[in-house]
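Following: one structure in structure tokens, then a few remarks.
Chain lettering (A, B, C and D) follows the sequence in which the chains are written, and residue indices restart at 1 in each chain.
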Amino acid sequence: MSATKQIRIALIGYQFMGKAHSNAYRQLTKFFPEIGIEPVLQVLCGRTEDKVKAAAVKFGFAEYETDWRKVIARDDIDLVDIVTPGDSHVEIAIEAAKAGKMVFCEKPLASTVAKAGAMQDAVAENNVPNAVCFNYRGVPAVALAKKMIENGDLGRIYHWRSVYLQDWIVDPNFPIVWRLQGDIAGSGAHGDLIAHSIDMARYLMGEITEVSGMMDTFVKQRPILAEIDDRLGGKASDQMGEVTVDDSSIFLARFESGAVGTFEATRMAAGRKNHNKFEINGSKGSIVFNMERMNELEYYNHEDPDDRKGFRVIQTTDGSHPYTGNYWPAGHIIGYEHTFINLIRDMLVAFTEGKEFHPNFADGLACQKVLDAVVTSSETRSWQKI
Amino acid sequence: MSATKQIRIALIGYQFMGKAHSNAYRQLTKFFPEIGIEPVLQVLCGRTEDKVKAAAVKFGFAEYETDWRKVIARDDIDLVDIVTPGDSHVEIAIEAAKAGKMVFCEKPLASTVAKAGAMQDAVAENNVPNAVCFNYRGVPAVALAKKMIENGDLGRIYHWRSVYLQDWIVDPNFPIVWRLQGDIAGSGAHGDLIAHSIDMARYLMGEITEVSGMMDTFVKQRPILAEIDDRLGGKASDQMGEVTVDDSSIFLARFESGAVGTFEATRMAAGRKNHNKFEINGSKGSIVFNMERMNELEYYNHEDPDDRKGFRVIQTTDGSHPYTGNYWPAGHIIGYEHTFINLIRDMLVAFTEGKEFHPNFADGLACQKVLDAVVTSSETRSWQKI
Amino acid sequence: MSATKQIRIALIGYQFMGKAHSNAYRQLTKFFPEIGIEPVLQVLCGRTEDKVKAAAVKFGFAEYETDWRKVIARDDIDLVDIVTPGDSHVEIAIEAAKAGKMVFCEKPLASTVAKAGAMQDAVAENNVPNAVCFNYRGVPAVALAKKMIENGDLGRIYHWRSVYLQDWIVDPNFPIVWRLQGDIAGSGAHGDLIAHSIDMARYLMGEITEVSGMMDTFVKQRPILAEIDDRLGGKASDQMGEVTVDDSSIFLARFESGAVGTFEATRMAAGRKNHNKFEINGSKGSIVFNMERMNELEYYNHEDPDDRKGFRVIQTTDGSHPYTGNYWPAGHIIGYEHTFINLIRDMLVAFTEGKEFHPNFADGLACQKVLDAVVTSSETRSWQKI
Amino acid sequence: MSATKQIRIALIGYQFMGKAHSNAYRQLTKFFPEIGIEPVLQVLCGRTEDKVKAAAVKFGFAEYETDWRKVIARDDIDLVDIVTPGDSHVEIAIEAAKAGKMVFCEKPLASTVAKAGAMQDAVAENNVPNAVCFNYRGVPAVALAKKMIENGDLGRIYHWRSVYLQDWIVDPNFPIVWRLQGDIAGSGAHGDLIAHSIDMARYLMGEITEVSGMMDTFVKQRPILAEIDDRLGGKASDQMGEVTVDDSSIFLARFESGAVGTFEATRMAAGRKNHNKFEINGSKGSIVFNMERMNELEYYNHEDPDDRKGFRVIQTTDGSHPYTGNYWPAGHIIGYEHTFINLIRDMLVAFTEGKEFHPNFADGLACQKVLDAVVTSSETRSWQKI
């Protein structure tokens, strides 16, 4: 194994995304040994010592640290991975870039185009490999969709139609976790969920040129949080506070290609758990994807014989499908966590080979421009060009 | 319209099946005018005068009659359609055949092979056109399946797998309607439901050569019926009686082709309403059909490219599909009642053209042989050859 | 049957909708005899004598006529049913109202609010019973949804989300039938499809107060029509012409209740046949409906125990469901044509009892206001209040 | 972490199951740290040195060994995990038991009841903790089903209906891997697939008392294997050989409870990948599970209000569901590999606490009795009592 290249990781943050990222680093060599890359879990960083210490043990990090600046200053770190709440991304990412580290940042990149732009400038000026964690690009079914579209299998594309529906805050007594606080999270369903849909649309459909949006907060008062857990939720206190993010974000879009699109995200759709779904209609066929059944891609081939046409459910677990040959036999499904392994696989291969990787900070910035345009559109009640 | 050929119908029986058959006759000229055949609803026959009189008006018959022998004796009747409970089929059908009438009989043809054989002898000796109402052959998706199999699209066929599940007697207080009385109905789920599956299997797969079966009555005592309705049910009295038919019938089968099959029917599957489902697996592909979604046929083409394989849901409502060009535009579904219109369309065309029609009494007899073999198998706990 | 009230029908138009309406009148007494109303198919009216004559025989009308004014002038007509292309609705409906007839008109009521308003004025001034054929209100699953919402079972409603997707013009060589001609049809997917969604939303959610829309024609040149058929299509000539309606119409909406909505209709979604689907999310639950599986309603009860929550597929074919007790036993599905029987049942009962019926011309007008607002919004690229 | 109990693992075998088991051991502490148990990957054992050496690195074992007897003789091994082809289970397991090791064995336990009985005797006599890897008991949806049944939520149970369908050998040129060799594998779909269904049925339904079976080999000649891979397949040579196992196994069963069951397994069902599906119908409700959508359980509650009844799709990813609170937020699915983590979690907790664990060797033996009875039934064409 002397040929294996080690990449030493510093992970900043240790909640839900910290768990997902560290799992991916650990599992990478087990499922993709042939790439010859070994991420080393060097140091986990968080503000609260006892918690970060426990998390470091749980996640398998060699060390922990409470000051991210110290981490970035270390020579034995190759890659800084930022999974903190959104408001701190900009400062950490810029410092990491200045220190010459590879930088991997959770989405959304920042809470404004200005901040995302500063981050993109920093990685460009310092010429450091960079990536943003739009992990759904790592879904085999999505990679198959990308391949089909690039191959022209859908023909001229007319429609994009996406919803990202969840229901974890339908209960009006769900407490104000940081994801419901505008100063920390930037926005609600908007930056958390629809950002994923925007990246997916840019990936598969190309650039969005203009939008008309509508953002809403249906439940404006909720209990203040007592204690957070690592499953998005937490315990409510008995005091009420103001919700300062959107519950729901919806917009119409036009693509550079001439196609039209609808986007919707909400955390108030009872029964929808992680219903990140999109449909694309083209002159030669259509595809449908839903993250809740992420091992499947629905495909309609308009060129099938007339009496044999129908949406087929492709189980994307065959050896012929992207990524899945490295996991289990056909029909033996993978899960949410594998999207991170796949994305990180591609990222580290690109970083190691010195190739441009997508989604990178430029993609994060492009996504942010759409997010900001939707906010402006919603506030000004007008179409906004990107 | 001088070219239209009239066929004068006498319908014996006026419950659920009477409603379905008379509807089909009425609708035939509306949806299939091009065949130039007009069924005339001449006379409806039933034992209880006030009820048959009311039904004749409701169904659109010109006349009613309480003695089926008188009906058969009439010169102005071309076709005798028998939808009475199973125990009376044999006598009526034989008399109708002797009178030279076309004979159309509900399934199962009879309660034993001996009776079904006598019926088949009668139609053969008198050389009268004859048919048995396995109406599911009139489903567009089933006709498409037949076409695909004949075309070799599924290759060598290995497996038949059918279930016919209902739940209308799950409630132990559901009363003993005639369908739960052995002396009238012959059997329970066996003759009522699995008979349909056997006919479907014979139609699509060829002959069955041997069976091993198991029949059960889970709820042996139920309330005696007070009053029947036309939706399979009725009102319970406060007296209990013996259930003399099976609740459930299951068997393994071998086909002449070498394929193997499983058959199951039950009226005790909570949540299944008219879940008449089958799956066929061959070397080149598979198909799945479920009567509850009768406008769809699932199809897997094993010869699709590796990364594009999947069960597709064909909406069999296109103009290219059997029958459906005569109804509504694609996607505008038809229902249960249209299976009767389609089957009667084919039957009357064949009768008029003097061609052999299937399913005929010979098919009903062949089905009965399998039904009887399963009963014997269940009683003797042994494989039975057909 | 002396108590049966006859209503004599004049049907103006005999294409796809003519077939659907006349079928419904014929079948009404067969499935709903207990209402004591018998529609009499008195006269069918169309411009081309040989065609209307043939259609009258096919549909079962006693007479035919080529001049609709003569029809309206007759004393032996109680109800004028208008199923002509959209541009002629206004004149016929107003004359029928002036003549004191009951008026039943296909949707969309007219091509502009002004015309629809004139129609509404006419029925109001002449105090005639009136209805518009938003037939999807006659779907049992939709009626169940209405009952659930009125019952409060979904709680406070946050989201409406509808798509009405078809693919019959995906082929760029599909000819310019009247539904693709602006001067006759008024609009494309907009008035044809999204009008249904608007009515459904108004029925279930209440009034829409403002919209932001986007309408597109992707394929602007198509072959001129040679000959129409009765399944929406026809034969293409070898000359090209201009498509003067939209292929696709999409809009965001706000409801009076505070809920938000998305609406999309297109005829360019490969694989979607009659995919008229909506989802509603409320604080206590969600429902989903899709016309392609019109015998089912998906329902999520947020108040189920935590580990038992899930979208259930209700087969709306039980005797306990709206309308279906009059058809077939549970699980034996009905089809597209029965939506017309059900709507006409309700309409004729209301007309006979002198009660206000919905959807009536006021509903058609309200729908038209939304349709017009979307057109204006799309043209001016601005939110429009209704 | 001083409180963490280490359990030192020797894994015998390193193909598909070796990969699955070692992954589960590695991941256990990451997802279930609260149990305080750490499996230590001490030694991996296999016959071919270069391959086992490479696999040890890949899987994360400290050492490798080529002689399983040496491994069992070591003092620093607590648990022997046997994932070799079926023919070697008996010898290894008995030696491990004699050495006082905890024994964990892949299913089916052995190729005959006699061998399985000897294994069970060995673990009983030596009083060692033992388990058999029926990993599907570790599926959250299955654990939920178990809980519901124990709770009486399905009432009196009438029907079990299972299929385990795959298609990886539909191609007649698929080579004879060890799973197609009777002397190594014991049987084909029978021991490989239907064994899982039998265990599942015993787990959820109780004991099976008699069976009538039918086993078939449709493709009797196949190419001899050139080289195996770790996804069930391999490369074909150009020589043909005899297939000495079944392609398909089907049987009828009666349960001690009075319920009836059907079981089917095949590797020849085109389009079915890992279609391990079962349905249970009881007097109060029904459930359906399919491993291809293993994060879902379908549930029909017969006691819901009449017009609200329907099969609901429970996404078993909520914190309230078994196991899933330790993984990701609701709607973020897990995959095939997690079934092993969950089962091993329960096993190691029980072993550590000195409690009886199921499925253990007694369960493996009970399963084997049914497997053998089906073989005998198929050969003698008779019902066999267990």
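As a working rule, a residue touches a chain if its C-beta (ideal position, glycine included) is under 8 Å from a C-beta of that chain, and two chains touch if they have at least 3 such contacts.
Remember, predicted model here, so these are calculated numbers, not experimental data.
Of all chains, D has its CA centroid at the greatest distance from the CA centroid of chain C.
The chain pair with more C-beta contacts between its two chains, of C-D and B-D, is B-D. Centroid to centroid, with C-alpha atoms defining each point, chain C and chain D lie 54 Å apart.
Computed from the mean C-alpha positions, the centre of chain A lies at a distance of 35 Å from the centre of chain D.
The geometric centre of chain B is 42 Å away from that of chain D, both derived from CA atoms.
In chain C, the residues that touch at least two other chains are 272, 300, 309-311, 315, 318. The touching residues of chain A, when paired with chain C in their complex, are 156, 158-159, 161, 163, 165, 167, 170, 172, 212-214, 216, 218, 247-248, 250-252, 254, 258, 260, 262, 264, 266, 268-272, 279, 281-286, 300, 302, 309-311, 381-383.
Across the complex, chain C meets chain D through its residues 144, 296-301, 304, 306-316, 318, 320-321. Remark: chain C residues 1, 16, 20, 23, 26-27, 29-30, 33, 57-60, 166, 168, 231-233, 272-275, 291-295, 315, 317-319, 325, 327-338 touch chain B in the complex.
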